[in-house]
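Next come two complexes built around subunit A: one with subunit B, the other with subunit C.
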Partner chain A sequence: MKYMTSSAGVPGITPWQDTWYKLSTNHIAVAGLLVLIILITGAVFAPLIVFHDPHEQYTDILLAPPFWHEDSKPGFILGTDDLGRDIFSRLVYGARYSLFLGFVIVCLSLLVGVAVGAIAGMKRGVIEAVILRMMDIMLAIPAILFAIVIVAILGASLFNAALAVSIVLLPHFVRITRAAVITEMSKDYVLASKLDGSKGWLLFFRVLLPNISAPLIVQSTLSFSNAILDIAALGFLGLGAQPPTPEWGALLSASREFIETAPWTVTLPGLAILITVLASNLLGDGLRDALDPRIDQS
Partner chain B sequence: MPQLLLRRILLVIPTFIGIVALTFFLIRLAPGDPILLIAGEHGVSAERYAELQKQFGFDQPLFIQFADYLSQVLNGDLGLSVVTQTPVLDEFGKLFPATLELALIAMIVAIAIAIPAGVLAAVKRNTLIDHSITAISLVGYSMPIFWWALLLILLFSVNLGILPVAGRLSFIYDIESVTGFMLIDTLLANDKEAFIDALHHLTLPAIVLATIPLAVIMRMTRSSMLEVLKQDYIRTARAKGLSEFSVIFKHALRNALIPVITVIGLQTSILMTGAILTETIFSWPGIGKWLLEAVYRRDYPVVQGGVLLIASLVILVNMVVDLLYVLINPALRQK
Partner chain C sequence: MSELLEARSISKAYQIKSGLLGTAVTSVLHDISFKLGSGQILAVVGESGSGKSTLARQVVMLEQPDSGEMFLEGIPYASCSDLHQRIRMIFQNPIASLNPRKRVYQLLEEPLINYKNLSRSERDDIIYQTLEQVGLDRDQSQLYPHMFSGGQRQRVAISRALVLQPRVIVADEAVSALDVSVQAQILNLMMDLRDELGTSWFFITHDISVVNVIADRVMVLYAGRVMETGSVKQVLETPAHPYTQKLLRSVPVAGNTRALINGDLSTAGDVITSASSCVYWNKCPLADSRCVESVPPMINLDNRLVACFKAG
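Let's turn to the complex of A and B:
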């Protein structure tokens, strides 16, 4: 048992500072955060980092191997694909799709999920029962299958894939919000605020939301990694990003047939997905430990 | 307790009707005329259009259409595949054993490795063993399995050439389908070579499909064991002078397994998601591949029926797991 695992209750320290303190002592979570920051920076400043346009086809340098091979071509550090496009450039630009879409998907899912969950938790009764049943129905259909069906109906595109994934992630946010709202509603500070005249959305945003944000933050981080995996899976199945978009899943799908002749075209995009998902899962786990008061004394 | 069980069983009914409604409205949400979608890309004559409209009941009010669909579903009629013109339920029944065989083997592999590994990690807390097991579980949990499948193919099929990349059995063997489970059918045919061949075909898809359940169950076993090992009754058991083996396996593990069983139940949905990707990559003739192909071909009755059947399966398994949970949990049993 460590002593000084928490600075909660120390005067002058806000809950956010306390969380940050606990998170910063968790080296693995910090590593995840650092990797994510590097990836985001890379995605934002992509044009400054890469040497080639991701769509430029160098037709005389097809399927060049990465730098650790003897036959690698200078300037193409991770080699080229079957059309002579620079793989490094495509991966860096691909990060833009995965990270940006992951962010948008989680925001959308969080926004709608919190609103629906809040209604369920505050209104109770029939409305709550109907909402919960609807979430059960959505959860009964396996995630990727549900997303595939939505995309099949709306048509295969990156936008529709993102929409489908945010619908698939929705039930988790609804359930967490509802459960947290119900717990908080029975507490005295909420009663005091109600007596003070707060009600409806004002009560929710001003009083409840700040107190239920911890589980929502954790779920958002974990949903971010799920969103990236699902978008990549849809891209791989040809139902998400369409070629020549350098989205990681689509890159993998396009390079599948070169697995024997140019295995690096398959290994590299997958590695990019794995690293990103792993980093955000590590951060999510760290945040869960830092924000969950039950683990405080362990 | 009977009330608790009954309530849980009754709860399945509205969920099931909701899933029927969802699959029903699915096809009607698609942009464009559903009849033209059902008829396929080649278009239809005016006569055929009217015929199809009548066949699918699109000339009726929406709620009558839904009532008809619901009664059809309850009678086991899920319509015909647009492509093959065979009943959707028959196609599902024919392909399901392949998926079930793969999923069962994957689950057995996952549980057989994950529970001992999770226990080991908890007992050897904060040692190199624990850190390695936790790291494996984290990577497994974050793994894009479609890429993992390609990596395994690259290693075992392309580079080493020891495992096949597609299908359930090599073409040279002709095995009569009795149970639909290739491992059992080859044994029934008393063809040892075919059995080994089937096992070879099963290895890579099973590893891929087992990866995520393995990671999740390992993690859950570890944290559940850590929780239990802190309890007073474990200290009592140790104080009584019981052997460490007896403390861990008889006193701790049996209690730690309760949440693990719930997590195992939740894997059904994950296995079905995994089956779509795994079966597509390994050309495994199961329902995952069948459904995805139906999506590509816009075979809406198959998509509708397939989603309904898979979702029903998931709610059924979840219900059974919930009931089991009540039965094995002493705290709930007494209520």
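Let's turn to the complex of A and C:
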């Protein structure tokens, strides 16, 4: 990374091409992106990949070990759980829940957070103070505790868990948007756009948003991993996905008692969570480097 | 005939928070009047902090003056609904004033979409025609601002001002960031546009040599007050105000190092603004007790105005 060259200012290169160029020179971030693409493809084409229905119970093969073990059963490459269900199938179908929920949660948080942050940054004054203090209060409560409280109020279900996690992630988006809007508002090009007749939401969407998208994209990828982690945590606590659902956190929780007799039933869902979170964090860090103009100058 | 643009004794002060509860008031513009005729170029000169940019913000109605009135074609600003279309502004630094995420076409399209109700092809025609007027190709309309050179970027900024066919363009230090050869091209472009389209320019600069090239009339500002105003020929050839004289002496001339050294070191010191004395008295070589005790009025000296007791 030390010798990374910048293509900013080179004729013929649009801002997005420049970002892509810088990201492509960062091998770790590209690796993260590839892993995410593989995971997403796997989740989308799950029925074509797996050999078994994730809910089907093979009662004659309970707790079969994965393929590297001598007692493994053919056809069950990652073994089976305590009810004889194929772990590989459950993990692949679980990716659907985790990735889809992560995506929905980030979209919801981003949408509401950007709107609220934009109001705070553009209106200033009392409205800004009220919004910021509310966000401070939300940040003062530990994230998972806050999510548990919300789910406890709304009732335990996957949908409510997703809602709770998006509320927990909201303050970051609000604060980032507000800070970026305030920085951009003081620049000449915004003044010029005001003279050109753009104001209010028009000014925000057409003029400001393209210029503050960089920190928002970075925060979105990082929040994506947080969302997956929090959803899994709620699932593990029994507050998110309910038992037959092959959600990764719920898988962990269901096989908790077999950690000594059949450690793969716990390790494999944990590994799936780890890989997904790691990949999206690496991509997020790479995007931060590629999009941050300050790193450009050094 | 009424003037195209007229300011009648406008003043502007800003409140600055000091300490917990206190607010201090700084007067930035004080009793400024000027007239700008159709197709004229009025240069406003002064050092940094003299209120040039604040004046520009009043002229384009980004801010309202505290007192005084502005008129466009004899109509007060308050009753001019299409003011932002008829008075346009060019900023000092085109890199900062052109949205980095927009193509040139989108930049020129923005005011047309907001102010005019035109079809896509009508907008196309206006945009390409405007680009041609400032010497850019229509192919270049699909480029981003960072893909241009400094001079071209300022051409983009000018085309953006021109696209609404304004009567007046306010140029706030529009050529100061350019190197000299490019500066000359842009100044020529401005004068060509004045001749072809009859656009009036409110041209703010700190560079007297630019004034000499481009302007018809000049207004010298110091500490938010008009020191001297008149035709360029009069003011630059026979400056009547001690401050104008000092400004002209400080202009660096190639091969003349002496002039620079002679450029008054004695004038270092803060600006002291007081309601009851000349703002320039503490730096003025001619100042006497009268300058400290009372504010000099505007004296009319063969069609130019000078704010000095000693003039004439």
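Everything below uses one rule, namely that the second predicted complex is superposed on the first by the 292 of 298 C-alpha atoms of A that agree within 3 Å, B and C clash if a C-alpha of one lies under 4 Å from a C-alpha of the other, contacts with A are read in each partner's own complex, and residues count from 1 in each chain.
Everything that follows uses one rule, which is that a residue touches a chain if its C-beta (ideal position, glycine included) is under 8 Å from a C-beta of that chain, and two chains touch if they have at least 3 such contacts.
Keep in mind that what you see is a predicted model, and the values were worked out from it rather than measured.
Enquirer: Does subunit A have more residues touched by subunit B or by subunit C?
Expert: Comparing subunit B with subunit C, the partner touching more subunit A residues is B.
Enquirer: Touch check for A:N211: first (subunit B), second (subunit C), both, or neither?
Expert: Touch partner of A:N211: subunit C, not subunit B.
Enquirer: For A:D196, select first, second, both or neither according to whether it touches subunit B, subunit C, the two together, or no partner.
Expert: After superposition on chain A, A:D196 lies in contact with subunit C alone.
Enquirer: Is A:I141 in contact with subunit B, with subunit C, with both, or with neither (first, second, both, neither)?
Expert: first
Enquirer: Between subunit B (first) and subunit C (second), which, if any, makes contact with A:T14: first, second, both or neither?
Expert: second
Enquirer: After lining up the shared chain so the two structures overlap, which partner does A:A29 touch, if you call subunit B first and subunit C second: first, second, both or neither?
Expert: In the superposition, A:A29 touches no partner, neither subunit B nor subunit C.
Enquirer: Which holds for A:G270: it touches subunit B only (first), subunit C only (second), both, or neither?
Expert: After superposition on chain A, A:G270 lies in contact with subunit B alone.
Enquirer: For A:L101, decide between first (touching subunit B), second (touching subunit C), both and neither.
Expert: A:L101: touches no partner chain.
Enquirer: Based on the superposed arrangement, let me know which partner A:D188 touches: subunit B (first), subunit C (second), both, or neither?
Expert: second
Enquirer: Kindly list the residues of subunit A that each of subunit B and subunit C touches, one partner per complex.
Expert: Shared contact residues on subunit A (touching subunit B in one complex, subunit C in the other): none at all.
Enquirer: Subunit B touches which residues of subunit A in the complex?
Expert: Interface residues on subunit A, with respect to subunit B: 133-134, 136-137, 139-146, 148-149, 152-155, 225, 229, 232-233, 236-239, 249, 252, 256, 259-260, 263, 266-267, 269-270, 273-274, 277-278, 281-282, 285.
Enquirer: So in the complex, which bits of subunit B are touching subunit A?
Expert: It comes out as residues 14-15, 18-19, 22, 26-27, 29-31, 138-139, 141-144, 146-148, 150-151, 153-154, 158, 269-270, 272-273, 276-277, 280, 291-292, 295-296, 298, 303, 307, 310-312, 314-315, 318.
Enquirer: Mind listing the subunit C positions that touch subunit A in their complex?
Expert: Against subunit A, the touching part of subunit C is residues 60, 62, 84, 88-89, 91, 93, 96-102, 110-111, 114-115, 143-144, 146-147, 160.
Enquirer: Taking the touch rule as given, give the residues of subunit A at its contact with subunit C in the complex, in rising order.
Expert: Residues 8-9, 11-15, 187-189, 191-198, 202, 206-207, 210-211.
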